[in-house]
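Below, each structure is written out as C-alpha cells.
One chain, subunit A, links the two complexes that follow: it is found with subunit B in the first and with subunit C in the second.
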Partner chain A sequence: MPDIVLRGLTKRFRGRVAIDHVDLEVKNGEYMVFLGPTGAGKTTLLRMIAGLTKPDEGDVIIGGKDVTKMPPEVRGLAYMSQTYSLFPQLRVWDNVSFSPSVKGLPPEDTERLAREMLLLVGLLDRRDAYPRELSGGMQQRTALARALAAGTNVLLLDEPLRALDARLRIALRLSIKKLSKDLGITALHVTHDQEEALLVADRVAILRHGRIEQIGLSRQVYNDPVNPFVAQFLGEADFFLGEVDEVSSAGTKLHSGTRHWVARTSRLHPGQDACVAAKSENVRIVRDGADVQNKFEAVVTRKLFLGRFVGLELTSKETKLPLKVRLEAERGKDIEEGSRLALSIAPKDLMVFPIPPGGLAKELEVE
Partner chain B sequence: MNESKDKGAGWRKSLLAIFSKRYVRGAGYSFVVLFFILMVLLPTLFVLSLLVTGWGDIQATVLSNPTKMGIVWNAIGYSFGVAILVTLLDIAFGLPMAWFLVRRQFKGKALLNTLIDAPLAVPTAGLGVSVALFWTGVIGSPFLLLMLLHFTTTYPYMVRSLAAILNEIDIEYETAGRTFGASKLTAARTITLPLFRSGLATGAILCLAKALSETGGVMAALILLAGSSFGAGSGLNGTALIGVWKDCSKTYASPDQIPFYCGGVTDLTLKSALTFVSALLIILSLILLAVVKLLALKFKFPLKKVWPTFEARLSKGTVPKLRDAAAFGFLIFMVLIPSFFIAGYMFIGGGIPGVDWGSFWNGVLLSLSIAGVATAIDLLLGIPLAVLIARGRFRRFGTLLDVLVNIPYIVPSAALGISLGTFYATMGVKGVDVLLVTMAHVAFTFPFIVRNVVGALEGLDPGYEDTARTLGAKPFQVFKRISYPMIKPAVLAGAIMAFTRSVGETGATISVSSNVLTAPIMIVDKTKYGSRDLFTAGLLIALLTIICFIAIFAMRVLTNRRPRRA
Partner chain C sequence: MPTVELKKVTMKFGDVTAAEDVNLLIKDGEYVAILGPSGCGKTTIAKIVSGILEPTEGDVYIDGRRVNGIPSEERRIGYVFQNILLFPHLSVWDNSIYSPRVKGLDDKEQKALGNETLQMVEMLKESAKFPSELSGGAQQKVGLARALATRAGLLILDEPLSALDARVRVDLRYTLRNLVKNLGLTAIHVTHDQEEAMSVADRIVIMRKGKIVEQGPPAQMYHDPQQIFTANFLGESNFLEGVVDRTIDSWAVVELRNEQFIRVKGNGLRRGQAVVVSIRPEHLTLTKVAAAPMLIGKVQDVHFAGAYVRYDVTVRTGDALIVDAIADDARFNTGEDVIVLFDLKHVRVYPRPYAGLQEALKLE
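Right, the complex of A and B next:
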C-alpha cells in the first residue's frame, strides 16, 4: 500500500532554499537511503514526509492519498529522531506501548503489541528499565520497537546509527535493514555516512543543496556517478582537466596538455573542456615497461598508513592535479616518499563529465 | 464495573476528540490571549489613557500646584534613585557571592543557599518593619533607609540570576584561558564576564522591578522612621506616595477615621494626582526596562586591556580573601540580620495589648485565599499562553506576547493597582473589592508562571514532541503525557514564586482598595503612629514567613529532583 510519492516538494527557511522541487517515488517495501553532506536538506525532507515540517510547495502522497495538509499523527508513519527521543520519564514498556495507548487501542491489544515488539528486538527482560539505564544499542532497539508498535508500514530513520559508538555502529548497520525486510516495511534512512548508505540501501538518493543529484542502486551510483560531486562523495576519486578530441560509442578520446587519454564514452562533443575522474582504487601501479592504455608517471609525495591499506598521494605532470591511490599494505611496502611510479587507468574506469558550473574546485568542496 | 470503566474511557475519548479539533484549540488559544490582553495587560496600562482623557484635571490640580509637583518629583527621584543604586550595589556584592556559590565546593553549600533565599520568605512589609527597627537611631535619612531595606528585598534575586547563568557557562573556557597564561582575575574578567550579560540583565531587571514595586515594606519602614511626622510631605518614594494619597483621597464617615498622615483633611483632587504619579511610574519603569535590555545587548565590557602582573597579584593572597569577606559581610550585616531582626520583638513579654485574634486569622486566611486563587488562575491560563509563545507557529506574534507578558511584572504594583482600580471603576464594576484585588494579584503574578513555563519549554528538546506526534498522539495528548511531566518542576517553581509573592504583596492591594485587609496590610497598619502594635505585627510576619518558607523549601526539593533524562 504505502508507495511514497513526492511531487515538486519545496521548502525555504528565511528565503534560503532547503529543499528544491524534489520529485521521488519510493516503492512499497523498499529500503531507501538519503545520502548527502551536512546541510543538504536530508532531515528537512524526512520531516516533511513525516508531517513535522510544512512544505512551501509540492505534495506528499502516501498510498495514493495526498497527506500534504495532514498532521503527523494521522499519517501512519513512524519517525525516529537522531537521539531516539525516548521519553525519559517513561519505562521501556511504557515507551513501547505509547503509540497503541494514545491511539486508544484496547488494553489487551496494547499489551500484546508491546510484548511482541519488545520480544522482536530482544528487550522484553528490560521492560521496567528507564531509558537512561540502557546502553546506546538498547536505546536504539527500544526506539525501534516503539516505532514498530505504532503499527506502521513506513519507518523514517534520521541518522539511526549516529548516536552509537563506532564499533556498534558497524555491528548494527544491517540489523535495522534485516528487521524492516523481515516485516516488509518501507524504510527511509537518512545518513551522511557513504559506507553505511551503500551497505544498507536498496536505492540511494544523493542530495546536495536541497536537490536529488542522483538516485539508483548502490552499485549504480558508485560506479556510474552523474557528476564529479557524486563521483567524489562516494568513495575517493582523482580528478584532472582535459579537452575532448573525439567521442564514439567505444569511448571518449581527449588530451590534457600534450598527453592523450582514452576514457568511457560520454555525451560531450569535440573541443569541449572536460573534467576527467577515476576512483582511487582504479588507479593502478604498473611495471615500467608494461604496454597498457593511459599509462603515466607520478612521484609519491606522501605515504599514509591505514592499517590494511596504504594511501599514496602523488603528483604528476600529466594530470597537474594531485592524485590519491590506495593499495594493499603488502604491495605498497617498498614504495617510499619520493619514489617514481608508473600508473595506468583502464579506459572503462575513466569517467568524463562536462566542467561543472562554478568550476571543479567549487564542485568538490566538502562543505 | 467493567462497563463503567469503558464509559469513563469513552467519555474521555470524546472529550479528547473535542479538544483536538483544530478550531476548538484555536478558540482555546484565542480565549487565553484575549484574557491576557483584556484582563491583564489592558487594566495594567489603562491609567496611561487617563493621561489623555483626564489631562485637564491633572493640569488644574497637579501640574499647576508647585507643592504637589515638588512631592511627586521628589518621590519619583527616590524610587528610581534607590532602585538604580541598590541594583548596582547588588551586582557589586552579589557577583562574588554567586561566584563563590557556583565555583567552590564546600560543606554547608545547601545552608548558604537557604540563607540567601531566606529573606524571600519574609513578607516585604515585614522586612520593612525589621530593617527599620534594626537601624533605629543609626539612620535618619529616608533615602538611606530605603536603600538598606531594598538590599534585603532584592539581593536574593541578583545572586540567584547570576548563579543561574554562571552555572551554565562552561568552566572550560576559563580553564583554557588560564592554561594560556591568564591569571584567575584576567580569565574571569575577559572570558567569563562577557558571557554574563544575559544574567546581569535578568538580575538587574528583577532587582529594579522589585525595588520600584515595593510598597508595604517602604511604608512600614518610613512610618517607623518618621513616626507622627510621616505624611505626604517629602521623604516618600513613589509607591508610598500612592499609598498615602490613596488613603487621603477618600471620603471618610467621620473625621477621626482619617489617617493621621493626611493632616486631618481629605483631598478628593488627589485622584488625578494618583493617576499622574501612577502613569509616570509606569512609563518611567518601562523606559528603564528598555534601557537595561538595550544595554545588555549593546554593552561591551570596555576593558580589553590586560595588566598581567597587576591582575595576577590581585588573584592571589589577601585580595580574594578580602573580596569574599566583603561579600559575606554584606550578606550577614546588610541582608540577613536586618531581615530577621523583628524576631526579637516576639519575645518581649508583658504590657502587650491583647491580640485581636479574629482579625488576625481573617487577614491570614484572606491573604492565603487571594494568593491561592490568583495562582490557580495563573496556572490555568498561563500555561496555555506559554505553550503558544514557545511552540506557536506565528513566530513574531509569540515574541510580541513574550515581551508583553513581562510588562505587569515591571510595572510597580501600586501603580498597577491604581490603574486596575480605575479601569474597573470606569467599566462600572463595583463593590467586589476582594475580586478586584485578586485580579490585580493575577496581573502581577502572571509573568512568573508564563516566564517559567516558556523557559522550560524552550529548553525541552522538540524531538520528544515530534516523535510523540508521529507515534499518533494528538497535540493535547503530547502535552499531557510527554511535555508536562518534563516541565513540571518549572511549573511548580513558577506557582510557588507567584504564590509567595502574592502572599507578601501590599502595593497592589491597598492601591485597589483600602477595605481588603490582608495580612501585609495589617502589618503596615500595626506600625502606624497611634495604633502601633509591633507584637501582633511580629506574629503576622512570623506566620507568613513560615508559610512562605515551607513553600520555598518545597520548591527547592521539587526542582532539585531532576526530571529523568535519557
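Right, the complex of A and C next:
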C-alpha cells in the first residue's frame, strides 16, 4: 500500500525557502496534481519524494516506511522528467528495458515486461527506433513505458506534457491518467497548466511560495477557493474591493462606494475591508429591465475570440477595477467593443475574502 | 507599414521539404498567426521572411520590393524569439536599446526610444535590473521592447510565448495584440497554440507538412472549417464515419456504424458517398429526452474542467465522443444512459479523406 505521507517537509536553497513545512497525504491509487506558477516549489517537492533532492527538515513516508534517508533506487518509485531523459544511443526497446530493477530480472522476464509496457503505450511496433526517429508524443510514451517498466506502484511525473505541442497536449492529457488508473498505481503529476490540472486530477494541490495554499477535488478548489490567489489562478476571475456591512448564514452584505452587493456567506465581520471575487463565466449578461440581484452596467473595451468562448474586457464605474467576462461563443456573437451591457452576478457566485496581506495586486501576481 | 508576399516559396533541406509552394499575402497592418504542429514549416516561413533562410525556390516581397538575397539587417524587421535571448550582463535598459539600428542613433534619440518602448511594455520601472532578476514574462517583454525599438514596421514573433507559464502566456497575448494594433504594425506570429492564435490574430494560416491547409479570420475558421484537419486542430471535434444513405431536399441521412442513422444538412452530398460527420464537443448536449438528431449512448467518465464539464460518452455507433457542458453541475454520472443531441447548425460533413480519417487528423 504505497500511500505517501509528507510531514513538515522543508527545503532551502542558499537560504531561500523552496518548500516550507509541507504536510500531505496521498491515498493509494490516487491521481494527485501539484499545480502552481514557476518557482512555487512543485518540482522540488516531487524530487524530494523521489529522493533526488534531500530535504532539510521533515519526513517522506511511503507505504508506511520512512524513506527520508533512503536513496531513490530503493524507494520503488518511477520518475519521469520533463525532458524524458531517454538514452539517445539506445533503441526504444533498450530504453524501456534499461531500468536497474528490470536489469536484475531474468532475460525472459525483462523481455515480457518490456513487451507489455510497449504494448500498453502503443509503441511495440517502434521497438527498434532510436529516440531521434520518434515524434515528441512517441518519445513521451517511451519515457512513460520506461518509467512503468520499473514495476512501480507510484509514478512521479514532472510536467509530463510540457515538451509537446499545445494541441497534442490537449489530446494526450487524459491518457496518462487513464493508464495509471488501469494499472491501479498512485500518480503525482506536476504542472503549471490549470486546465490540465483540473481535468486530470482526482485532487489538486495548489502551491505558492513553497506552501500548499489549498488541496481538494478539482471542483472544490475551483468553486470554493480559499484566497484570491487560488480564485484567479484557476480559470479567470474578477475582483473588486468593498467593506462588509452584515454577515449571516444566508450571505454577506457589503458595499463598494455607494453601491451595495450581496455575496456568499463568509467569516468576515461588519466594518472589515473585503476583496470580492467572481469567476469570469459567472458574470452574466442580463436584460436591461431584469429584476436580479447585483445588477450593474459596464462598457465593453475589448472582445477576444477564444474558440468556444468569447472573452470580453469591460470597465464599470461600480467595480472600478476592469472586468473580464467569458461567454459561450454563440451568446457573444453580437456584442461589440463599445457596447454597454447590463450584468449581474448571483450572490452564490460572489466570493468574499479578507484583504490579503501585501494587498490585492501583490496577491494576484503569478510570477 | 509593410505588406509581405510569398510567391511559390519552397524550402528544401537536403531531402526534406520544409515548405512547399507556399503563396501568402499579408496586408499592411495585418496580424497573421501561422499555426501548425511541430515540423509543419511555420518557423521556416518566418525565417524566410526575415532573411535568416534563403528559399530554395520562389520569391519574397516586403512592401512590394523583392528581398531575395537581401540580408536580414536590411529588411527592417523586428524579431522576437521563443528563447528570449537577452544579454545577461546588460541591464533591461541596455538590452532594450541594443539593436544595431538603435545603436547608430545619437544619445538623445536612443534615450527617447528606450523610454518609449520600455514604457509600452510597462517595464520602464525595471530599467536598472538585469535579466536574471526578472520573471520569464518580464524578460519576454524586454525582448519585445528591443524589437519595437528598431522602429521596424514588420514584427516577426516566433513562438514568443511558448517558454512561459500558461497563466503568464494568457496575460501577455493581450499585451502583444494591443501593441501591434496601437502601433499599426504588420505582424507574423508563429505558434503551435491554437487558442493563442485565435486570440491575437486577424487571420490564421494553418500549415501542415510544409503546406498551407486553410486560412481565414479566427471565428470563421473555428465555426466553419473547410478542411477536416482544421476542424480538429483548431479547437476539438468529434468525428463519425458513415455513408450517405439517402438525400431528401437539402437534407441527407447518413448511416453511421452499427446501423445508426443521423440526419444532417446535406447540400451537395450524394447517395453512397463516404463521409465524416464532425461536431465540436460544446455543440453536443446530453439529455434524457429523445429529439432529433441524436444518438443513444452511455457516460464513460466525467471530468471537471473549470468553466465546463467534459463527458466521455460512447454511443451506439461504437464511437467515443467528448461532450462539453458549460455551467453544468455534472448532472450525469459515469455509467448513466444518455441521449446525445446534435446542434444541427454546427454539424459539418466532410468527404471521407482518401488516406483515412486517422491520417487526415494526425497531430504529429
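Here is the rule we go by: the second predicted complex is superposed on the first by the 363 of 367 C-alpha atoms of A that agree within 3 Å, B and C clash if a C-alpha of one lies under 4 Å from a C-alpha of the other, contacts with A are read in each partner's own complex, and residues count from 1 in each chain.
Criterion: a residue touches a chain if its C-beta (ideal position, glycine included) is under 8 Å from a C-beta of that chain, and two chains touch if they have at least 3 such contacts.
Note that the structure is predicted; figures quoted are calculated from it, not measured.
Of the two partner chains, subunit C is the only one touched by A:L174; subunit B is not. Touch criterion met: A:G51 reaches subunit B, while subunit C stays clear of it.
When the two complexes are overlaid on their common chain A, residue A:A78 makes contact with subunit B while staying clear of subunit C.
Once chain A of one complex is fitted onto chain A of the other, the partner contacts of A:G216 are absent, as it touches neither subunit B nor subunit C.
Shared-chain residue A:A166: touches subunit C; no touch with subunit B.
Using the contact criterion defined above for the overlaid structures, shared-chain residue A:Q89 touches subunit B, although it does not reach subunit C. In the superposition on chain A, A:R132 contacts subunit B only, with no contact to subunit C.
Those residues of subunit A that touch subunit C in the complex are listed here as 37-38, 135-137, 165-168, 170-171, 174, 192-195, 198-200, 217-219, 222, 233-236, 279, 281, 302, 304-309, 311, 326, 328-329, 366-367. Across the complex, subunit A is touched by residues 37-38, 135-138, 165-168, 170-171, 174, 191-196, 198-199, 218-219, 222-223, 233-236, 280, 282, 303-308, 310, 324, 326-327, 330, 363-364 of subunit C. Residues 47, 50-52, 71-89, 98-99, 102-104, 130-132, 139, 146-147, 150, 156 of subunit A are the ones touching subunit B in the complex.
Looking at the complex, you find that subunit B touches subunit A at residues 9, 13, 461, 463-464, 466-474, 477, 481-482, 485-486, 563-566.
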